[in-house]
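Quick heads-up: structures coming right below.
Same chain, two partners: subunit A is paired with subunit B first, then with subunit C.
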Partner chain A sequence: MTEHARFGKSQVRVEDQRFLTGQGRYIDDVNRPKQKHAAFVRSPHAHARVVTMDVSAARALPGVALIVTGAEWAARGFGPLPCRSPSKVNRDGTPFKEPTRHCLASDTVRYVGEPVAMVVAGTADEARRAADAVIVEYAELASVTDRAAALGDDAAQLWPEVPNNLCLDFEQGNRAAVEAAMATAKHVVRLDMGNNRLTAVPMEPRGAIADFDAATGQYTLVNCSQNIHANRDLMASMLKIDKAKLHHLAPDIGGGFGAKNSVYSEPVVMLYAASKVGCPIKWIADRTEAFLSDTHGRDQQSTVTLALDEHGKFLALHVDTVGNVGAACGTMGPFTPTGGTARTTGSVYAIPAILYTSKAVFTNTVQTDPYRGAGRPEAVFHVERIVEFAARTLGIDPVALRRQNLIKTEQLPYKTAVGLEIDCGDFPAVMERVLAMSDRPGYAARVATSRAKGLRRGFAVTPYLETSGGAPHEEARLAFRADGTVVLSVGTHSTGMGHETALAQIAADTLGIDLTRIRFVQADTDATSIGGGHGGSRGIEVGGSAVLKVARMVIEKARGIAAHLLNSHVDDITFKAGVLSDTKTGQSVALDAVIAAAGDTSRLPQDMSAGALDTTAKFERETYTVPNGAHACEVEVDPETGVIAVDKFWCVDDFGSVINPMLADGQVMGGIVQGLGQALLEEVVYDPQTGQLLTASLLEYALPRADHVPRMEIAFFEGAPTKRNPLGAKGSGEAGCCGATPVIVNAVLDALHEYGVRHIEMPLTSEKVWSAITGASA
Partner chain B sequence: MTELSMTVNGVVRRAAAAPTVLLSTFLRESLKLTGTHVGCDTSQCGACTVIVDGRSIKSCTMLAVEADGAAITTIEGVAKSDGTLHPVQEAFRAHHALQCGFCTPGMVMASVALLAHTPNPTDAQVRHGLEGNMCRCTGYQNIVDAVLAASQSMKGA
Partner chain C sequence: MDTFTFKRAASVAEAVAAATAGVDAKFLAGGQTLLPVMKQGLAAPSDLVSLARVAAMQGIGVNGGMISIGAMMRHADVAAHGEIKALLPALSVLAGGIADPHVRNRGTIGGSLANNDPAADYPAAVLGLGATVVTDRRRIAADDFFQGMFTTALEAGELITRVEFPVPERAGYIKFPHPASRYALVGVMASKSAQGVRVAVTGAGACVFRATALEQALAKSFTPGALDGVAVGADDLTSDRAGSASYRAHLITVLAKRAVARALEVRS
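Up next, the complex of A and B:
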């Protein structure tokens, strides 16, 4: 008997065979006959006028086929880079500011790395040399890169039509109720805190190959992107071509985390250039180019205020943020620091009144756009830092204060004061479970052991909630081949998460067939009519639901065919474990026999023809799910050096029903370590005077390495599957970095409490920690 | 251009290379061994790690001409010729030690070399030994577990 893939079972991945043997096919492994190579001329200045551009020397260099300048781009009248921010209305009802940003800048550059021209040449080296030979004369202008400074009246102005660089002045929640509570509460605590600017650093840099067939007018873009369908539509619109004339597809993708979501300049200019030079054009970013031009994330400064009554009950929360959106609106524009952070503000706590106010500002930095979590990690950080700070300030046990204020299970479903509708969960049970895992009875002994070594040990627990996101629609197709192969095509996009296994598991289990028979197709505008790609942890809950739906539709059709083959009535046909049976006669037919019959019109009912089982389904999510959980950790801090070691880490997640626990574990661990990176290591730094990017390589931008990372113990709480999708699943991809960042920071501050240190801005580098200790005790 | 000869995955390969060409580029473009990945320009990420004369080397730190005459193993040459995976590859699969797969070739090569020199490593030795290889997806834990498991299964072999 065949062992079938099953939901809830750890299944090793089918894609691993090729990845483990060097047979993966990433964008730089793709080549086209007669291809040429592109290189980009990028601004060396943070803010400058382009006075002149001279391409004559570059044009004369060997191999140069084409140079596209910003001036030519502007003259061609192509559309600007799009902004699709869901948040676009100021608090006074006026629209936000959306200055026009073109793929190539022509008159003014606004960040270091902004492209001003593209060179096409025979080899990548020739293209690079020619790009370096393009002579651009700039007139430098004053620049501003800091989020808070950008609002000042004296700050450099990026856009004449945007006073004080204010893109969006955002407000959500109940101002009157919050102000009233703040005015009368027994306790009001306030803390300023930053969310450091980060960059996703997928290990594979971006790249693309653009091609154009003059005979058919068809464009093809093989693109290292995680958003194939939506970006096809947007790029076609920019190029003013019919979207049916642009075939957009992705090869294997070496990580995304949001940085491959946006519409970028480079592939759009390459498509145009391919139509000019009549051959394919390839471009692969080097790592420094990735640091300069990939969208960044986070970069918020917030003042967080919490009002409590005399018993420690939370009364009101106000988060007031300035968020850096970069030099212009990215594809999601000002969404992350506004609506993206507001939606989960307050997290798992019952807070009657919440106000989220935020100013999204332009600065002379590359655009920020969603990076793993896109506002939800920031929201959890805000509330978990202020709760910890309040507990310290008021002399309350931080665990007890959290326990007291969690939304109770009997309060569910619960609508938060910012409008998030939580359908299910059990926040107290989840937090108690992580506390039970974390060996609280043994803690005192571990503190003593650390102290004997001259170290200080700290502990924290942090519940979190987030919400899934991304496009609500998805499509899945099943097609049955004569050789027994079942082709599963989806509009979701795995950039490493393992959909080739997890989504195939859903189809294989539902159909009762072996997993190895499924051939998986994703990220191709020719394979599905729509596709939401990857974002907002939507792969399983939206994509998986579409797969389940299409597989069930196939079974319905198979019942009809089986009835015809068995001379039965369809109502009498049941399906179980790959066999269709007539409950009255006891006759049965295997699904495989039905699949074979479906390829032969003569064996089908009159209203069906060959291929009758091939089916397409669309699934639409009604509303987001609310993944949640709790993290706990212990850290050791060396007060002599400020060096932090995260020693122990525990985590309980409520993702509803888990399809493949091994893959979900992997999502959580990767997220936790990215959260650790934000807490302790990572920060994009622009020089405040010159606007130069100081962290432009992996030498300066500190990514977590194997020896930074503690052993993580992860458990799933499966007692609250959601009814918002047929799988009962809640998105798992972004949860890890929601809980990990605040729990590590809070544990470090717990360790430093005896020194009087109450807050340190992230990342908590040893230098900052040492300075805080010595400063506080001086 | 210099005519180079090296034994790659057990086969003598000859190709010409300019003196400025990196070994990583030579493997990928001249020998079409695209399993060796390039993830940075500063020899930090380790995705391009291969084994040169028994030592793990970031192939972007070495010129192709420096490898003239060397014996090189890349990710394409780790499994047996009949397709049987190396114990390290097998352990990576069993322990879900890869997600996007981009760092994986370098991780596997660094792990193979680590176990050749330290057949029975501790958790900390594995983490230290792989410190030069970056992974953005897995959080490293499953990679460490895979290497520890491979060290056990190789002992039994």
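Up next, the complex of A and C:
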């Protein structure tokens, strides 16, 4: 596999020159002649009936071209926002509840920020003023925003057809075995824990430009989305148009993290409006609008129970969760707190019996949908907190308890009790390596140094596993231009991760050409026929595999052309380092000469014509890969103030074969920082009485900053490449936040152990830590 | 943002006249609060009177144990000023810790004081160091200047021109930032001078205030240990999601000790 030789090399990102010099092209950089601007009227109430809507004053304002109300939207008969949850069946076999949610609400609003009307005007300012002049009379209804409260008999009911707001009553695993083990085990430990509600806060807010060509009936949507092909199909279906009539594309996207996966209302209404007003329509969300209307993540409450025998061996695990899915089903609906969390429950541990039960509930909040990891970080958090808690409760060394229960290498392939098939890895080796990196012998001295400063130091190690996800199939296309440019088109989507470099590396290395010759095209329904976009850490694993496949197909074709040019037999042609050679005659021809010949039918074999080298390939993975690793960290806690500083951080990740270690480092770092945010800082808060969003700005929603972030020592374990794709790669994008969140929380609780503190709910704010210390010692 | 008339004043008198002439005129002294508020539609002044070219509001002068800072000096100017670093490092540290570099390069001391945000840093400096606010018409002692949430002794159209800080024997400032906004959840300036001990607290209440119980304890001994067991009452303090009143009260004593410790570390 000579073409693999140059994978695994760090390569500075080719897109960075553009991004770092202000040359990136984001939605707001795109402008169309004669464009108008949209603004949305959004519900100020968490739950209310829409009594009347009066648009007459708004319509009379300067520049107003069109107002689309919820009533008009309903009357037009457009399809509802779709739900594509893979988990759809209740534990009793009945289907889940999927209430109809339209792009614009007409009779009832169910969360603060839900759109009820859209205004189109000449400028963004005019549109905003007119939207503010739309007079909506609401009759307020009782609301509920809390996940657990929503199930109560006295809770506000969002949908008449959904008793107790229960969207999906989910169960996976072996109930009988778990119950039997729990009944007889020597030790059963139980802990309640939440996964705080988060919002992604991508640097670039959502936005779009919708256009319609009346002459051809063609719609064009330039959209700040990370899921171009799938959402094209869904939006076309909602608008009841042929999907071929909707060209959907994204320019550079400034961060997604899952929040740009879903089908959103705004672009759909804008497409309709563009056909009505006959000019392009642009909309860019402001930051408050992003907080209100971007899909949120996590928001689960779980009771986790672990049964152990007298030697500390794990016997059974039960996770029982309530997951908040928001006011209605998002595009992935109830999947994250149900199947999305269930699939990796138990993580890297050999646990003979596992039961995952959960209730997905509707509340008066914006929809939750995939957020970096989409259930896998939650699953790791559950097991890592209960293992730490069990170790403390039973007086066992937490590292030893983990070591004892890891799935051993000789047990692989291993099918977990929830059905996850782990093909390869070496969990003990990975954990031992991170322990070796983390200077255990020097720890006691560091504890003493911290203590001398009045601080308490804590340590934790957390192995993790997750799975890749997202659409299983992908398309890649290579086209060769006369000027030497090689156009690489893929259906995956980088929202900043560096595919323009990493995927191009695969193509360039395989073809033996210079990276700079590749022009990268992504996120465009005109460029590839299918595309899975961004999600589930699939970019390299599925997209990269498609690129490798198409590049190899090109080489096969090139061998045929070379044989023709050299008067050889194709079987005698080999390809190496950009040169095709006849092993018998010793004659050779450079790939570039073959590329040139491929543009000229007269120089090609009879069955080929000009452009013969241009090739499209589809790759479909059979099953997910299982990225895994182990994180370790040390924290310092100031017991006087409750302030936590993450001082040291080490991790070892098994991503199989790593294409570009520098980019993989970046993925890991970003994931760790996001995990740190969940552990220590971030929380979306709705007022429990009014349902108002209290964290609707960056003055209130605390994101991690550079000074929160420790130096991270990152290493890759490459001893277990997967055979599930030709690259041997396992997804790397979401791993960081799987390990970081529990390892930081566990390290803080280690630091606080002397105070008798055993658990603090995330985020571990300084006041919570201080209260736990003073409460425990009081 | 609504439309407004932009005026650029060349002198204090011209600025005050322009402000008085407008229906609802505002001075523009950096605009790091005013402009975002206008963009959000929460303020719509008829006139903005820019103070950027008023020479009398510029510059930093040191004279006989007094530091005089022009009201239009930006936070970054104060933070970087060599003589302030040498004579009153607590003020450099405070100015260098306001918001972010973007704000520090636009926001001004006069603008911050006139706004009197309950969680701003400069009010703690002025009150905790016993400074004098100089306006176009009078001199206002720090103890008289801050009157309540976003409220000061300034009259309509009155313009802060300079702020005069006496150089104390010792001073230290410690800020506990709000995790999201980085405003002070609690900020404490402690100082000792011939006139006595001052401990000013920002962020914890509706307006910057002096923590008299802490001042009394420190007057006996200006050491962190003097504050052992000295509690601040939580009754009038702010309670919000970022910190309850009792947490803020606890932090005031902790931060005051650290401010004193820092004051003793460096030669004022």
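Following the convention adopted for this analysis, the second predicted complex is superposed on the first by the 773 of 778 C-alpha atoms of A that agree within 3 Å, B and C clash if a C-alpha of one lies under 4 Å from a C-alpha of the other, contacts with A are read in each partner's own complex, and residues count from 1 in each chain.
Keep in mind that, in the parts below, a contact is a pair of C-beta atoms (placed from the backbone, for glycine too) under 8 Å apart; a residue touches a chain by one contact, two chains touch by 3 or more.
Small disclaimer: the values here were computed from a predicted structure and weren't measured.
Colleague: Check whether subunit B or subunit C contacts more residues of subunit A in the superposed model.
Modeller: Comparing subunit B with subunit C, the partner touching more subunit A residues is B.
Colleague: Tell me the contact category for A:702 with respect to subunit B and subunit C: first, second, both or neither.
Modeller: Only subunit C is touched by A:702; subunit B is not.
Colleague: Report for A:692: first if it touches subunit B alone, second if subunit C alone, otherwise both or neither.
Modeller: neither
Colleague: In the overlaid three-chain picture, which partner chain does A:90 touch, first (subunit B) or second (subunit C), both, or neither?
Modeller: A:90: touches no partner chain.
Colleague: For A:257, select first, second, both or neither according to whether it touches subunit B, subunit C, the two together, or no partner.
Modeller: Only subunit B is touched by A:257; subunit C is not.
Colleague: A:20 in the overlay: touching subunit B, subunit C, both, or neither? Say first, second, both or neither.
Modeller: first
Colleague: If you stack the two complexes on chain A, which partner ends up touching A:409: first (subunit B), second (subunit C), both, or neither?
Modeller: Neither partner.
Colleague: Touch test for A:201: subunit B only (first), subunit C only (second), both, or neither?
Modeller: A:201 sits against subunit B, while subunit C stays out of touch.
Colleague: Looking at A:495 after the superposition, I want to know if it touches subunit B, subunit C, both of them or none. Which is it: first, second, both, neither?
Modeller: Only subunit B is touched by A:495; subunit C is not.
Colleague: Which subunit A residues come up in both lists, the one for subunit B and the one for subunit C?
Modeller: 698-699, 703
Colleague: Under the definition above, what is the set of subunit B residues touching subunit A in their complex?
Modeller: 28, 33-42, 44-45, 47, 74-76, 78-79, 85, 89, 92-94, 96, 98-105, 108, 123-124, 126-128, 130-131, 133-144
Colleague: Okay, in this complex, where on subunit A does subunit B touch?
Modeller: Residues in contact with subunit B: 12-13, 15-26, 28-29, 200-205, 252-255, 257, 286-288, 495-498, 662-663, 665-666, 669-674, 697-699, 703-707, 709, 711-712, 736.
Colleague: Report the residues of subunit A in contact with subunit C in the complex, numbered from low to high.
Modeller: Against subunit C, subunit A makes touches at 125, 640-641, 681, 685, 694, 698-703, 765-767, 770-771.
Colleague: Can you tell me which positions in subunit C touch subunit A when the two form their complex?
Modeller: Against subunit A, subunit C makes touches at 1, 176, 179-181, 183, 241-244, 247, 250-251, 254.
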